[in-house]
Amino acid sequence: MAQKGDLLLQMKGVQKRFGGAIALRGTDLSIRAGEIHALLGENGAGKSTMLKILAGVHVNDGGTISIGDKPFTTGSPQASIEQGIAVIYQEPSLFLDLTLAENVFIGRQPMKGVAIDWAQAQSEAARLFAELGVPLDPKRQARGLSIADQQVVEIAKALSMNANIILMDEPTAALSASEVERLMTVMKSLKAANKAVIFVSHRLDEVFAISDYITVMRDGATVSENPVGGTDLQKVIKEMVGRELTELFPKTENKIGDVALEIKDLTNPAYFRNISFTVRHGEIVALAGLVGSGRSEVARAIFGIDKYTTGSVKVNGKDLAKGSPVAAMAEKIALVPEDRRQQGLFMIASVNRNISMESFDRIKGKIFLNFKKERALTEIWREKLSIKYEAQSNPVESLSGGNQQKTVLAKWLATDPDILIVDEPTRGIDVGTKAEVHKLINAAAGEGKAVLMISSELPEVLGMADRIIIMREGHKVAELSRLEATQEKVIAAATTGSKGA
Amino acid sequence: SAATKLKIAHIPKLGTIGYFQAAEVGVQRACKELKATCAYKGPTEITAAAQVKEINAAVQGGYNVLIIAANDKDALVPALKAAQKKGVTVVTYDSDVAQAGRSVFVNQASSEGIGNALADSAAELAGGEGDIAVLSTTPDATNQNVWIEFMNKRLAAKYPKVKVVATAYGLDKPEESTTETQGLIQKNPTIEAIVAPTSVGIVAAAKYVSGSASKGKVFVTGLGLPNDMKTYIKDGSGAQASLWDVENFGYVAVQIANSIRNNKQSVKVGAVIKSAKGDKGVKSRKVIKGAVGNEVLLGPATVFTKDNVDNYNF
Amino acid sequence: MKLKLRFSWDTSILIILAVVWVAASLTTDNFLSSINVSQIFSNTSEITIMAFGVIFLIILGEIDLSVASILALGSSMLGWSYAKGAPIWLAIIICMAVGTLCGFINGWLVTKVGLGSLAVTIGTLALYRGIANGILGTNTINEFPEFWTGFGFDTIGTSFIPQSLPVIILFGIGFALLLHNTPFGRRTLAIGQSPEAARFAGVNVVRHKIIVFTFTGFMSGVAGVIYTFRFSTAQADNGIGLELLVISACLLGGVSIFGGIGTIWGVIAGVLLAGSVESWLTLREINAQWRTIVTGILLLISVAAPVLINKAKAAKVRAENKS
Amino acid sequence: MNFLSRFKPSSREGSLGLILIVTIAITGIINPRFLTGDGTRDLFTSTAVVALLAIGMAPIIIMRHIDLSVASTVGLTAWFIADLCAKHPEFTWVQCFIIGPIIGMVVGVINGLLVAGLRLPSLVVTLGTLYIVRGAVYVISNSVDYNAQEMPPSLLDLGQKVYFGIMPFTFLLVIFAMLITAWFMKYRKAGRDCYAIGSNPHAADLVGIKVFRRTFLAFVFSGAMSGLAGVFYLMRFAQVDSTAFYGQELAVVAAAVIGGVTIAGGSGTTVGATIGALLVQTIQGGLAAIGVDAFWKSAINGLLLIVAIYADRTLARKSENALLAQRIKERA
């Protein structure tokens, strides 16, 4: 067993190229036992690539890596697992057909004699979920789990491996405050057990709350490594982005117009009941609540992905047909979904094909698509959102997580919607760009668009919204104006609000 | 003009089954006598489309005689017509095409003769009275349908107490033929004989019966190769089978093609064709009017029983 | 990575096709003769026509195994109605209408009833051919007007161009444009890549699938017309077993069986490759049994070659990076 | 008790079993002889080959692959064994049962190396080997075929052997294979890996599953089962030529798919696959036993297949709805 402070992992001058693109140009990182080490950097800086090399997904082209005093064996996830490394990937990749218990223990199921001991696997999994504060049913299939719950299962899986080095690539991106707190408790106990945690996050407040060390990366190289006491927020941001950021939530006062979207008594008994609210032109309304409170389902119902049983959705006073995204799009509604890999993007398709997917009218001649216009459209949005990619024709799966998220935003903003529904719009986006995205959303509202924003990041909710609607277990429990809202009030309503409200 | 050198393409229904392999032996025997070039162009699936490809390729390859057992009486005609226009002699055997597609058809035996033989054998196995059933190939197999028709006529005339109560189709596959045999017996508990005028169906039926509770109660007869049927003819299930001399079949077809091509032999109905040396003692064959047009008969079928089956090896 | 692989697949099949053509014309006298080229085209005409529909389905992530049965049912209805006295143009329309209806039924069962397309079309494979069997029984209809039976068999004037070729070229260009240059084609690819994301992108997945199933049926009906006239035969077992050849042609042409990837020209190259190799071997008098083996080897090479090439490339790149 | 409950079919297999029983009952009512000893025995005998292949195919489909070469492999083994037996009259059933799976495994190894080793799409690979193996039988056999007289009597006798009046030896082996694989797929890590690989191949790599080994072995297993099925084929038909079992691969896929093994991978069981095979055969045998008009038979067969899939789907939806209802209760 490692002692606190032992050097567990050392990476020196690590390099990695993908075809022509250089992801890592000589990165250093050293991790000690009993330490939580944050890895920060802009989208595309190479954080995930670093972790994936350790996870055995990629092989580094240059540099040296050692685990303890032994050289690190690269090349297969299996080898990494055997060397005591567990990974929570940025994109959850569960086995949707299998139960949660199986997902946690796949390949390492507890045995009784020659047979797998299912009862034990299930009780172990249940224990892990409870520890993380999310009481999921271990016998349930993973299919249909919300992205946040999927992340919880991923975390449980990594914990169950009992590894010495735990890599966490944006584990909190999909989680709301209370789950994040639980996770932090777990991280602290890992630290107490003299394990090492590498933690990647774009939520800098969390980073400062829990890490012992902070390494900042930029353009594939290490910029700085400091103990958390030896640096501060502004300094870290400057190192990451290369400039000062004065305002994170640049709220502008917009002229608020007529009601654009009116939701009345919307009910789908399995997910939400009697939800009513309005969003006016020029207004940003936030839907807040814990993971699993049913916010995404409300958004899906409005946009027509799912059907609702009773209630109504009105756009500019007219009833909107239920269950038809085509009808919703005809009314100029856009929905930026929460799960970019499954719902937002066509992973093997190129960047420009993704961006033009909802905007054929803009790039079409009479019948045929005009590829030139398509490329021009992509170029516009690359500039607006500073999306990083090597070529428009590259598949989006080769983009970094944050840049994938920007692509989803781009394709929907390109439709120039009247009503913009965004579900976790800045999930995985770095601070610099986050400010850009917020500016864009504000600008959209400024143009008179109605914006409905779902977000689990409280500062974002408080900083951006004109009004906040809070949901708990499928019910609307509170509605607060910008002036009334405080962090405490929102959390209180989300966790204990009465369902009758 | 001098006799042209024969270049013969033999196109059976299916290249891979014993029946046509036996015919090919006869084709080769004739080729050797005639010093002709011969090729066996058996398709691997039993379709007209596959045969059309073989026909076209043979014409392009410079073959001047086609010996064909047709998978379809009409679908081959356009291709065969085109071949004939290029001076190719076409002789069909075993199963015919429309008159326009060939010079003459060599028929295994008169359809009536086969029908009668089937009827006699079935009546004998059923003991002169009782129910019998038919297991054929496909519902639209020309040969089988004609034979069954003649069999029914003979039964009505000569064995009025023998009744055909059901007809099933095994598609010339062991799997389907077996299932259909089971079905026949389950559906018609009273049947005493199954007539299978197909070399695949008869074996499947005989195999099933020999291993079921019906052994000794239901008897199988029909058209089958002696080697295929030996086991069931001798194992006490009392099966019978009959067939014409398949090997001579191929031989005769080639010899007739040669007579047409090199000896300017007429094949109008009524003409007489002198037989070749190797034709198992037959001196001459007469062109008669068949169901489709002019045809030549191969000769009677042999009935294989446990007393004679060991004398044959094909 | 993926893009390069797709590119290599297309190129590899084109290279193989070129090699086959050169080798064939060097080793046989008449491979490139007008009559043989015309026969390659006419022998593959039904497969090509059906593949134009099936490729859209495979790209969608679905499959249709019943195409050859639809061909047979359409053909039988053509013959049946013609024999009953319908004018030939009406009989042709009936054939295509029956095909369209069959395709629609497949699509309806898959999308509205929610059954898997593989299972459904294994069922309708038996069903459609069975209906053809029930209607025509042992009958074969083969008296068709000369003008039509020449179609597909004859060539245009004295050239080597078979009459069915313009139809195929027309369809080919039309479908290539449809798949690669229209929103409809883009949506087809999108559904195949991720049906869920397509729904979020406002694609009416159900309607789209029904449309594609329906026009695949229509194309099978067209193939039925060509088949009927090419062999001058309307009967229940027309085109039996063609479904696997159609699918092999698509796969040979680089269409991903998992959906989302495929090109029309790839499929055309795939069909031509299969047809050319078969013709070559036939001319070389290599018997049908060996041809079966060669078909299989060709399929294996077409998938293995790009992967092996890519592996070699990657190894080279890695070696360069290391040094 | 505990032991029994291990094999208790989940609701999916339960619903399939129900459909099977209903189908058998309907046939039995129309023609009672379908349910007599001979009738039941025939049902089992005629299902044995396809069921064995479906059991071999199930793990492959569960892994999101497919093996289309099985029917050709059956043809190859059946012919090869008959050929060997014809040349070695001293052979008994023992040699056949050893040689069959070995020949099948050779094909499986080739498939496995191509699919697992090079990561090629299995549909294309096995479509290729379907043609190659069948072509090889054509060429090797040179159109020679074999009949009962050339086969070992001990093998044919075994093929006729029936227990309890209804259970043929071959189907007993099928049940044995079904139970072993069902247990393996549920209670061994390797079995669970198959489900994981089919469910999310990419994630399977990430969690360190030995994807190559599992995939490779699944194809070898399927090959072995095809080889054994080749022996069963001989025991049943006592005749073989180079076209034996031609074109039956889709029947095997149909059996597995109807048995609830989803083509998209990740779910299904060998118990389901076996029931699926029985169902397909019951429909076919039932139609023969009822004496349906030959011309319409294939149409009705197709229709019934669709009805069976529909019924299964409806029953499956019932259990989904039950889950949803439970959720609604929770939320209330």
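Per-chain residue numbering starts at 1, and chain names A, B, C and D are given in the order in which the chains are listed.
One rule holds for everything that comes next: a contact is a pair of C-beta atoms (placed from the backbone, for glycine too) under 8 Å apart; a residue touches a chain by one contact, two chains touch by 3 or more.
These figures come from a predicted structure and were not determined experimentally.
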Item checked: Pair exhibiting more inter-chain C-beta contacts, B-C or C-D -> C-D
Notebook entry, point to check: Looking at C-alpha means, what's the farthest chain from chain A?
Noted result: B
Check: At what distance in angstrom does the C-alpha mean of chain D lie from that of chain B?
Finding: 36
Next item on the list: Report the inter-chain centroid distance for chain C and chain D in whole angstrom, where each centroid is the mean of the CA atoms.
Entry: 29
Margin query: I'd like to verify one number: the distance from the centre of chain A to the centre of chain C, where each centre is the average of its C-alpha atoms, in whole angstrom.
Written below: 43
Check: Residue numbers in chain B touching 2 or more other chains?
Finding: 15-16, 42, 44, 139
Checklist line | Interface hub residues of chain A, defined as touching at least two other chains | finding: none
Checklist line | Multi-chain contact sites of chain C, meaning residues that touch two or more partners | finding: 133, 137, 241, 288-289, 291-292
Margin query: Output every touching chain pair, sorted by label.
Written below: A-C, A-D, B-C, B-D, C-D
Item checked: List of chain A residues in touch with chain C within their complex -> 17, 19, 59, 61-62, 303, 305, 324-326, 328-329, 335, 337, 342-350, 353, 356-358, 360, 364, 367-369, 393-395, 397-398, 411
Notebook entry, point to check: Which residues, counting only chain D, touch chain C once they are in their complex?
Noted result: 114, 118-121, 123-125, 127-136, 138-139, 247, 250, 253-254, 257-258, 262-263, 293, 295-303, 305-306, 309-310, 313
Margin query: So in the complex, the part of chain B that touches chain C is made up of which residues?
Written below: 15-16, 39-45, 47-50, 52-54, 56-57, 60-61, 72-75, 77-78, 98, 138-140, 145
Note to self: Quick check: in the complex, which residue numbers of chain A touch chain D?
What the structure shows: 55-57, 76-78, 80-81, 87, 89, 93-98, 102, 106-107, 109, 114-116, 157, 269-273, 473-474
Note to self: For the complex, give me every residue of chain D touching chain B.
What the structure shows: 31, 33-34, 36-39, 42, 46, 134, 138, 141, 143-145, 147-149, 159-160, 236-239, 241-246, 248, 284-285, 287-291, 294-295
